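The structure under discussion is supplied below as structure tokens; questions concerning it will follow.
Going in written order, the chains are labelled A, B, C, D, E and F, and every chain counts its residues from 1.
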Amino acid sequence: MYLLQEDTGIMDITTLGLGIGEKRGVMQMHVKGVTTLSGCNYVKEILTKLGLDFTFYANDGETIDAKGQIFSCVGSAKALHQAWKVSQNLLEHLSGIASYTKALVDEARQENPHVEVLTTRKHFPGVKKMVLEAVLAGGGAPHRLGLYDSILVFAQHRMFLESKEELECQFERLKRKFLEKKIVVEVDSFKEAYYFATIGADILQCEKMDPKELRRCVDLKEKFPQLLISATGGINIENAQKFAACGVDFLVTSSPYYAKPKDVKVTMQLKR
Amino acid sequence: MYLLQEDTGIMDITTLGLGIGEKRGVMQMHVKGVTTLSGCNYVKEILTKLGLDFTFYANDGETIDAKGQIFSCVGSAKALHQAWKVSQNLLEHLSGIASYTKALVDEARQENPHVEVLTTRKHFPGVKKMVLEAVLAGGGAPHRLGLYDSILVFAQHRMFLESKEELECQFERLKRKFLEKKIVVEVDSFKEAYYFATIGADILQCEKMDPKELRRCVDLKEKFPQLLISATGGINIENAQKFAACGVDFLVTSSPYYAKPKDVKVTMQLKR
Amino acid sequence: MYLLQEDTGIMDITTLGLGIGEKRGVMQMHVKGVTTLSGCNYVKEILTKLGLDFTFYANDGETIDAKGQIFSCVGSAKALHQAWKVSQNLLEHLSGIASYTKALVDEARQENPHVEVLTTRKHFPGVKKMVLEAVLAGGGAPHRLGLYDSILVFAQHRMFLESKEELECQFERLKRKFLEKKIVVEVDSFKEAYYFATIGADILQCEKMDPKELRRCVDLKEKFPQLLISATGGINIENAQKFAACGVDFLVTSSPYYAKPKDVKVTMQLKR
Amino acid sequence: MYLLQEDTGIMDITTLGLGIGEKRGVMQMHVKGVTTLSGCNYVKEILTKLGLDFTFYANDGETIDAKGQIFSCVGSAKALHQAWKVSQNLLEHLSGIASYTKALVDEARQENPHVEVLTTRKHFPGVKKMVLEAVLAGGGAPHRLGLYDSILVFAQHRMFLESKEELECQFERLKRKFLEKKIVVEVDSFKEAYYFATIGADILQCEKMDPKELRRCVDLKEKFPQLLISATGGINIENAQKFAACGVDFLVTSSPYYAKPKDVKVTMQLKR
Amino acid sequence: MYLLQEDTGIMDITTLGLGIGEKRGVMQMHVKGVTTLSGCNYVKEILTKLGLDFTFYANDGETIDAKGQIFSCVGSAKALHQAWKVSQNLLEHLSGIASYTKALVDEARQENPHVEVLTTRKHFPGVKKMVLEAVLAGGGAPHRLGLYDSILVFAQHRMFLESKEELECQFERLKRKFLEKKIVVEVDSFKEAYYFATIGADILQCEKMDPKELRRCVDLKEKFPQLLISATGGINIENAQKFAACGVDFLVTSSPYYAKPKDVKVTMQLKR
Amino acid sequence: MYLLQEDTGIMDITTLGLGIGEKRGVMQMHVKGVTTLSGCNYVKEILTKLGLDFTFYANDGETIDAKGQIFSCVGSAKALHQAWKVSQNLLEHLSGIASYTKALVDEARQENPHVEVLTTRKHFPGVKKMVLEAVLAGGGAPHRLGLYDSILVFAQHRMFLESKEELECQFERLKRKFLEKKIVVEVDSFKEAYYFATIGADILQCEKMDPKELRRCVDLKEKFPQLLISATGGINIENAQKFAACGVDFLVTSSPYYAKPKDVKVTMQLKR
């Protein structure tokens, strides 16, 4: 498994040099503070690969109390030392994302119980699957996986369309070609929002609008009952409630990806 | 290239549906605030793979002023839209790490001009090479790559050695077996530090000590002139100066890995 | 490149044994009948990898006349013989899919000019990217890439929901959770269609209905103006017109994947 | 496993959104018509990877009656939905190839009980191992795996040999160099066939000859008792008997690769 | 490229720490003694990947005199130090195999000018392509690539056939099934050799026979004019002539794989 | 698993053609002469992958007597024939390295009981992990894994430093930057050795020195008590004692990599 290989490489020279590899021990991991878990499935895969016997006391998506135990495992010191940091690291980083997501969702729903929290594709490059699973564990959902699974029209697309006629013609073509997809358009003013609602956008992604302008966009839903409105641009746990309160259908944010890892405490004991 | 594939997948359906893929444009990226760059080499590889012509105005390890330009590239809208987010994302995340590292190094050296800053293996799992290059770009260095390249004796190793005799015998064996390596021991008290200095540790990694105890450890260098002392455990830009001021040889920290990405602004223009 | 490696393996022993590897030659490929091309980009990658100089006279998505030339390339006999079959094979298989797709689209649009043709995920396992590019070259589009990019509720999902209440509750949850996605439901009767239109499906995928029942489903669009209707199940070039004529928005079919490869003729000449 | 990953990607969002993932069910697959099976080993690997318990009632290479059951499996709805289409797809495509091969072999042997059926390397690029296993399941065999495992001299090789002397000298060199291989030569006339038999070809692959000329080639076996004769070029189930009847040792064909997939019916039930 | 990655890993810390990476230099490699070259193509790939300009003075398969130059390259110290050992290592190991093969071929042909030298699949696991290219560079050829490209019947197969009837029946089946392959049988006595010649083996691989028995086997060629005879088992440069002198068609040996690497001298100079 | 795939490829055509695949048998492997084992873990992985039941009688790092049994396994002829050569090959090559290493260590320690034997990165390209495990099994240790895990300053680095001042300045920089690493310098004369000891090298790697000069270098340890001295260049089992006797701390050698494989005898029996 790649994550294990990244940390262990050719061999664990400290354990080898100390000659303790064949001794048996128990390793346990506990959270320090309240934590929404993610990463358990990867850890199980690592423990299995290393031949360790394990018991999990909680799983991905569960929120456990401070000092709660995640798992216990038993086996050779050699296997325990290979499993240690990579497992702790996975749990800390991914639970950090899950816990932040959960807190952000809770925050946003205080003012708007139906709002959803979706996360962008601006995560650390190369680790998409892991971070999206963490977001789901925290009660969020992916916004778009990449360029292949969804339509999102940016200003950076529109500037290649050199007239209003060309824009409307190609927008129509896009809708027909990918008619199973909702058409999302990023807009940065009410005027743009109104225009794209008129020509048939399904979702308006309102970029960095102030609450007043954002509410005007939300009000478009009266005239266009199928329309969905999202807010994006700098949304985080500090301001999520403010944006949610404008009545948007969902928030689009990258902030969970930068959450501080949650502390996971590791204990190891010799098993005689 | 994997990072490009992760974001683009099968195809970019927005650009395809809008029929703009063959139009030509220019894309530019600028930093927003002062930034120490990292990620340029990955971006060059992506731009090359996509057949875009490019000019870089700065490179990894350089610190550029607010609003400074990183690069400009020219080519088809199809290629530009594939390059966009993955390139921006790489530059933002990796320059975030590099810039934080640089600030931490500058901070630490105010009180101790020779102190070094080394970063742990507790980065996001799966992206070691990228993050370590970012740390180097910021003036730090890797502490250990993994279990395979260095010796680091933790309490979690020592508890498998069941008597003082066994410990000292195996410690000696370790030193002989990997005699080209320095032997690093993590200690959490002066007493432990003194003991391991006595039996031949090359480096004492002082875990979560208060400044007073840390200074006592540093004073061991008088008696053991080859000995190096490092501080670790919760070190970040807020407290780096305090730890450095104790006279340690180096700081060991994970904090740069959690640095907020640096903003990179992207502009795109049609090229007629 | 994997496709080249699959055919060449360790080495081309015939060319090696005949001692002709260093001689220079020209290889040309022409279509036999009228052909909508696909596969050119893969062939260019192969020719480049082998160091062959080449000129293409047509590209993916173009329909060329019988006997029309696709490309010409020049280089060593060793490289030409490595390029030959894998290139021919790619062009034949992928152009077969593209040409069939185009014919099916043309057929369907005779009765319903706005109908779209989307292809399923029931292609040969392991080759998704290639076959979907061929479908696009022929004027079709992908229906769904897999389980990750779209919502499609089958009877095989519904049977896990044990009451009408549970179904409606979970259907609502699905819509909220993935609110950027259209909700597609596969139905096999007008009754089912009507029910799912009522509870908020965006698209009804009508499985193996006869034209009469299918038209009844299409008529639901009057009451539910946002609703889209597709037909699926055994659709191919023989019957596409009949289904399109019912007024559906799109057809969902696997038939292009089983299209016979289009013949590509290869000529090779010694270049003195 | 790659095939599973191709279809499932990051996650199955329909099952997730409906909240049914943890419910338990049974999935069964049956053939619709008489079918020679292939693909069972891949399906077993997928089911195992997903943690499903399964029982197979038939295996690769067996011909089962219409409506016969292939396998049954039990587990979570999450795992069943991941297993479903990729398993069905493998069985349908590979059993399509196996069943066509078997029919073609049976057809050919009616007139020539010892004739063998070998399939070319003109399968869909990238899936060699799977399709060749299907051919073997149907009673055929691979003709050549690629350029590395066999000698096959085409006209496209001979044109690099600029005189009769050079040809014969290099042909002799080829035979000596790879003396453990039979030397196969593709010929398109009796004259060529006779010539290559004379200079020592082991097998003559007769390309697109009419039965009369093909029989003349077969008659060369009287004079050259070790010689084998094969027919190739457009051979399929319609004409296999005609070519076999000429007395050739084997047929070389690509037609099984384009066989229509065999229908496999999937049923799923809730397991309370 | 994997081989480069294996040696360089995350980064070259010596060159980095000395701060010399951007200086420019020239690196040259010369053979020490007379050497038949192999590995040049891999080295070219490495140098290209690293952006070094290079000129080769000799190529794979050429025998160059003592002190002859292989190549020269120019570029940054960073690139030169990454290229150095992996290139030298490839050239030394692969030219060791090629040179030994050439010497063994020369030795064997002194007594039997038409004898061929084929090498087994008992090379270092994981490096088949490289070592077989080296064998070809030295004038040998591969015996069999693996289990998939050739038929070789060992005693370890025959013991699963429980009677003479079963053996002969299955042997006949094997010949028919893979009629494009020569049937090779490993035998360890004249008696076995005679028996398998009688039932239709194409090649007898005589395992560890003394010259007298081997000659008796070679004499079978009079009675069976198509039959080929090879010798195997402990053949190396010391005894190749003795075995070749028995009149066998070819020798099968693993000895080139254990050849000592050929020394390659590396010089580096600063380029001001 | 890659090593298995390399040998088996698409399928084992001999076993298939003979129709013996489903018969059951037992395979055993024994060493011929006294052997220090390596490769057992890879073989276990292969046997497990193939579904064979096995018992090992010895493991990596153990030295077993002539004719001692390594393991026994039971299963289908198909699986046994796939496991055979690749397992034998791994055990023979890796035990060859382990056994040679052990003999070399024993030889060297006769004159210098504390000397260590470290092996270079000049092994066959592409197989680092396997060969280093074999070296460890024989009682040696890796010298350096590659460019990334250790500092080794060669003359080829020093020539980029254009004055004594630049050299000393950059040497100091190197020591500070990678202060957790020992600084190893390769020297080829006492004069160089003395100089680098003076400026702070931790280890002097003495390249191709005669015993007299080497002893002078060893004597530097009196003046520089932390200094370690190694000998390198052409060290093998013939001369290891002579170099060890000079009092060096360790020998650096590539010779175990070229050790002749140890013979492993394979027996197979039908299990009725």
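Criterion: contacts are C-beta pairs under 8 Å (C-beta built on N, C-alpha and C of every residue); 3 or more make two chains touch, one makes a residue touch a chain.
Quick caveat: nothing in here was measured; it's all calculated off a predicted structure.
> Comparing A-D against E-F, which pair counts more contacting C-beta pairs?
E-F
> Using mean CA coordinates as chain centres, what's the chain B-chain C distance in Å?
For chain B versus chain C, the centre distance works out to 44 Å.
> How far is the middle of chain A from the middle of chain C, if each middle is the mean of its Cα atoms, in Å?
Chain centres of chain A and chain C, defined by C-alpha means, are spaced 32 Å apart.
> At what distance in angstrom does the C-alpha mean of chain F lie from that of chain C?
Averaging C-alpha atoms per chain gives centres 52 Å apart.
> Could you check chain E for residues that touch two or more other chains and list them?
In chain E, residues 9-11, 16, 128, 145, 148-150, 177-178, 181 touch at least two other chains, as defined above.
> Can you tell me, using the touch rule above, whether these chains form a line, ring, star, complete graph or other shape?
Here the contact pattern is something else, fitting no line, ring, star or complete shape.
> Please name which positions on chain C make contact with chain A in the complex.
Per the touch definition, chain C meets chain A at residues 114, 116, 118, 141, 143-145, 148-150, 176-182, 184, 203, 226, 228, 249-250.
> Going by the contact rule at the top, pick out the chain F residues touching chain E in the complex.
Of all residues in chain F, those touching chain E are 2-3, 6-20, 23, 25, 42, 77, 81-82, 84-86, 88-90, 92-93, 121-128, 130, 145-153, 156-157, 159-162, 170-171, 173-174, 177-178, 181, 258, 260-261, 266, 268-270.
> Across the complex, what residues on chain E touch chain B?
9-11, 16
> Within their complex, state which residues of chain E touch chain C.
128-129, 132-133, 136, 142, 145
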